[in-house]
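I've put the structures underneath this note.
You will see chain A twice below: alongside chain B first, and alongside chain C after that.
Let's turn to the complex of A and B:
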């Protein structure tokens, strides 16, 4: 790679991560207003948020939502990916197109539509509604990750299991699931991460059951408060950890397959 | 009366409009080593998959050990298969792969381990038992696959081109492993291959398939010396085929009028029937014989002790002759020279078209 490309890459990474780094830095800064130079180190903002019951309620909601979303989305993603791998049927490409549709729709449209729909069916403003909405958003990612893994399988593998006496369910448990395990784990982490820091849809459908990103917005709307930096840093920390674990799982698996 | 272990009766398999196998009648006895061979797409693998229950016949009947198998699910049969890709489970080690069939049958862990280790020892790969199968060599993986298929002690083992991914020297080695194993176990092997040398080297009987139909069943020698159809004559080895019409017939011998002359050949056929004379390349002699053809040498192929020369008769018919390398120097087979090829009448094989 040439020096120019390296510099270009560094600039892009800088552009993406600088705001986050700045926010992290200010979360430990003991001034009320975010101005340079930094005045001194403090953990007061973290102490403030940890003492705030609103923060804990939002954190609990976020954990419940991302925890449930990742399980449901990965389950649905696995089912559709397996359907695609195993069966061919009329209208299969339409089926796949519809499944992969949600990420192509602007979030604000999905959010509004969800809000309208949930209030119509009497489900608005509940934790369950956020879970349902996030599942719609993340299931296509789960499906894509697991589908990629299934595309690497030796097609005789499942038949070999039947041939050795495994029923279809048994073969699923003994062969397909172990084979897909890295992708399933990766999908769990990735969908949890997406759900954990998703803001737009959560803001519309959460009502009084705020998640962390919604809580952050509400603080920002009121005042300039360095608490926001502290919460942001925590949310970022959780999400990036989940994403990195997810990527490592995919990366090592692909590398192994290639070698 | 006990019927043979495997019986196929008028078996047909269609995939939508495509006829993969049709009118297949075949019996395979206990302890027999049968090779099914033919070019790709001839239906040999589909036949094997039907025996394993992975494809269901569209019509006809398959019986194994006297029981109609058409509707028996794959996992309820005891017809293990060695796959072309081997299909070893990459997330299990060698021993766990071998244990798989026992685990599915509810054998407890301790006994599974003992039986799997016995088989790994028998296949001389016990030292690799705990290794990830992806780290094993091709030959070792082959042995794991065999052990995995045989650990449940089946009556019938199906093999789908298992040696096709191996190096030539390993193929020869595995062929002797397989024939030895089959003799020792006394079980039936059904072996699908496109390789004539593999089929002839191992099988008691070969089944030759073409376009979904069984073209001929016989011992390797029968199929080689007396091909039943033109397809078999062309598919099996180096045959010279001289097409023509029967001009005269008398007392177990006919005369066939071909573009290169009229030749006598043993056999029975009606005068006027379309017929060919088949002379295998190793029966052709350079210099002369009871029947002779003039031909020009085109090229030669050296494979060790045997040399195959390719020649062209004056009407363009391609001819082949195999000679020992040690006598090659005495013959004038340089490209471009014209020689006389001949064969004894008794070495010709009559092939009547449309039979």
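Let's turn to the complex of A and C:
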């Protein structure tokens, strides 16, 4: 029974990881159309994308977008988490809802809403519009991570700082912020990773300022092109590095909390 | 704590309210309003007319897309729930806490690989001359038609939702009070009966929420039905893309979006009511 269940678990995990593994394998395969058995090894797909100015332009946009998004989203997430931690006031659940709700609405609807709204207020097709949209999408993740950290703080720490004559601002700077630092860093990496992979909203609002996933989307629409596997593998490398750093920060934080 | 309102407190509240109003509430309200706008001479006119609603609601293809999307998203949620359960049960009850944590950590990875690239990868795996048929060919089987079918769409949906459902179910079951399960076993309950009478009721909230997430994600996804299902028949998200990108008929796309939002609202509300009902009465 245990053996059977172990095999079943392996099967499910295998299903989840099959496309990732296949994509990586075929990014080095020299057949135009990916199939089994594998043919020769090549790096031509990587060379193709590196020689493509569109790729570099999209990569630059992606870096700008996720770089700005992670800072703003983490700031928003921190403010919400701190407000939730410290204050109770009328309409607080509404306040929390407006920042936590976006992930429950399908991206395609948010994408259409953003497209229409940005073109109405004269912000359409700019890198700034993608950033604004992505901050709304990723701030809830930042809020969750930082709120979790704040729930571990000893509430009397901040009060002690006030009693010793620190202003609220100083207590924030010298007690709350240092305590939240690992969560803030972790949130920066995580929101950057989410933003780096997002394509639905980017596709709708980006106009000519394509990000990397939108670039992929447009290649995929045309033909079967193993370039996509190469870009996918590269993007995977970037995202996973960000996530691993983020996870390590959380992990060490938990280790510290445990000891 | 104190709820005195001062500059300090406002610093942490106002930016979010302003930002979310500008970039979240504003767009959402606008898309609802836009469903009442009309397009005249290729320009959108801001008014309040039911023209787009009348047009979309009277079309058969909208309703068949609607039914198909509900069916497919429902199937994806049901399939993911059933497929994940044995694996989650194994992780929750037959693995050490350390193994469980490691597997969960591992299962988080897919969330940060591009879903688009994974779908493209499935495309090459499922294609007529693709990886899977290539493998079948080695045994003299196939080729089977897997792309541009409901099977293709469901494969894509499951890629999207299975890791999430598996994680949520595992966490749900790992958090069930161990004494309940011990008691059931001591009273001579078989594992199957323990699942039915102890685990399912105790973890109801978690299971329903996991299935709800699976439904919401599949319902709003355009990638799987577009690339793996061949848009045939189209789903609601594909209707939005077609009417926005090709037809410039934004108000009609807005109608589809509002229909989707209302549907999700009703389903999420009933699911959450159902998930928490028993808890409250206990």
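To be clear about the criterion, the second predicted complex is superposed on the first by the 247 of 259 C-alpha atoms of A that agree within 3 Å, B and C clash if a C-alpha of one lies under 4 Å from a C-alpha of the other, contacts with A are read in each partner's own complex, and residues count from 1 in each chain.
The rule we apply is simple: a residue touches a chain if its C-beta (ideal position, glycine included) is under 8 Å from a C-beta of that chain, and two chains touch if they have at least 3 such contacts.
Note that the structure is predicted; figures quoted are calculated from it, not measured.
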When chain B and chain C are modelled together on chain A, clash or fit: fit
Which superposed partner A:208 touches (first chain B, second chain C, both, neither): neither
Which of chain B and chain C A:3 touches, first, second, both or neither: neither
Superposition-derived angle with apex at the Cα centre of chain A and sides reaching chain B and chain C, degrees in steps of 10: 100
When both partners are placed on the shared chain, which of chain B and chain C touches more of chain A: C
Partner chain(s) touched by A:19 [first = chain B, second = chain C, both, neither]: second
First, second, both or neither for A:51, with chain B first and chain C second: neither
First, second, both or neither for A:136, with chain B first and chain C second: second
Which superposed partner A:161 touches (first chain B, second chain C, both, neither): first
Overlay on shared chain A, then closest C-alpha pair between chain B and chain C (Å): 9
Interface residues of chain A shared between complexes with chain B and chain C: 168
Complex interface listing, chain A residues touching chain B: 154, 156-157, 159-168, 170-171, 174-175, 178-179, 181
Residues on chain A engaged by chain C in the complex (per definition of touch): 2, 5-6, 8-9, 12-13, 15-20, 22-23, 26, 33-37, 75-76, 79-80, 82-83, 86-89, 95, 98-99, 101-102, 104-110, 112-118, 120, 132-133, 135-136, 168-169, 172, 193-194, 197, 199-200, 204, 213, 216-217, 220, 224, 228-229, 231-232, 235-236, 239-240, 242-243, 247
Residue ranges of chain C in contact with chain A within the complex: 1-3, 5, 8-9, 11-13, 15-17, 19-28, 30-31, 34, 83-84, 86-87, 89-91, 94, 103, 105-110, 112-125, 127, 129-131, 133-135, 137-138, 158-159, 162-163, 166, 216-217, 219-222, 227, 237, 240-241, 244, 250, 253-254, 257, 260-261, 264, 268
Contacting residues of chain B [partner chain A, same complex]: 52-54, 73-76, 78-81, 83-85, 87, 89-92, 100-101, 103-105, 148-149, 152
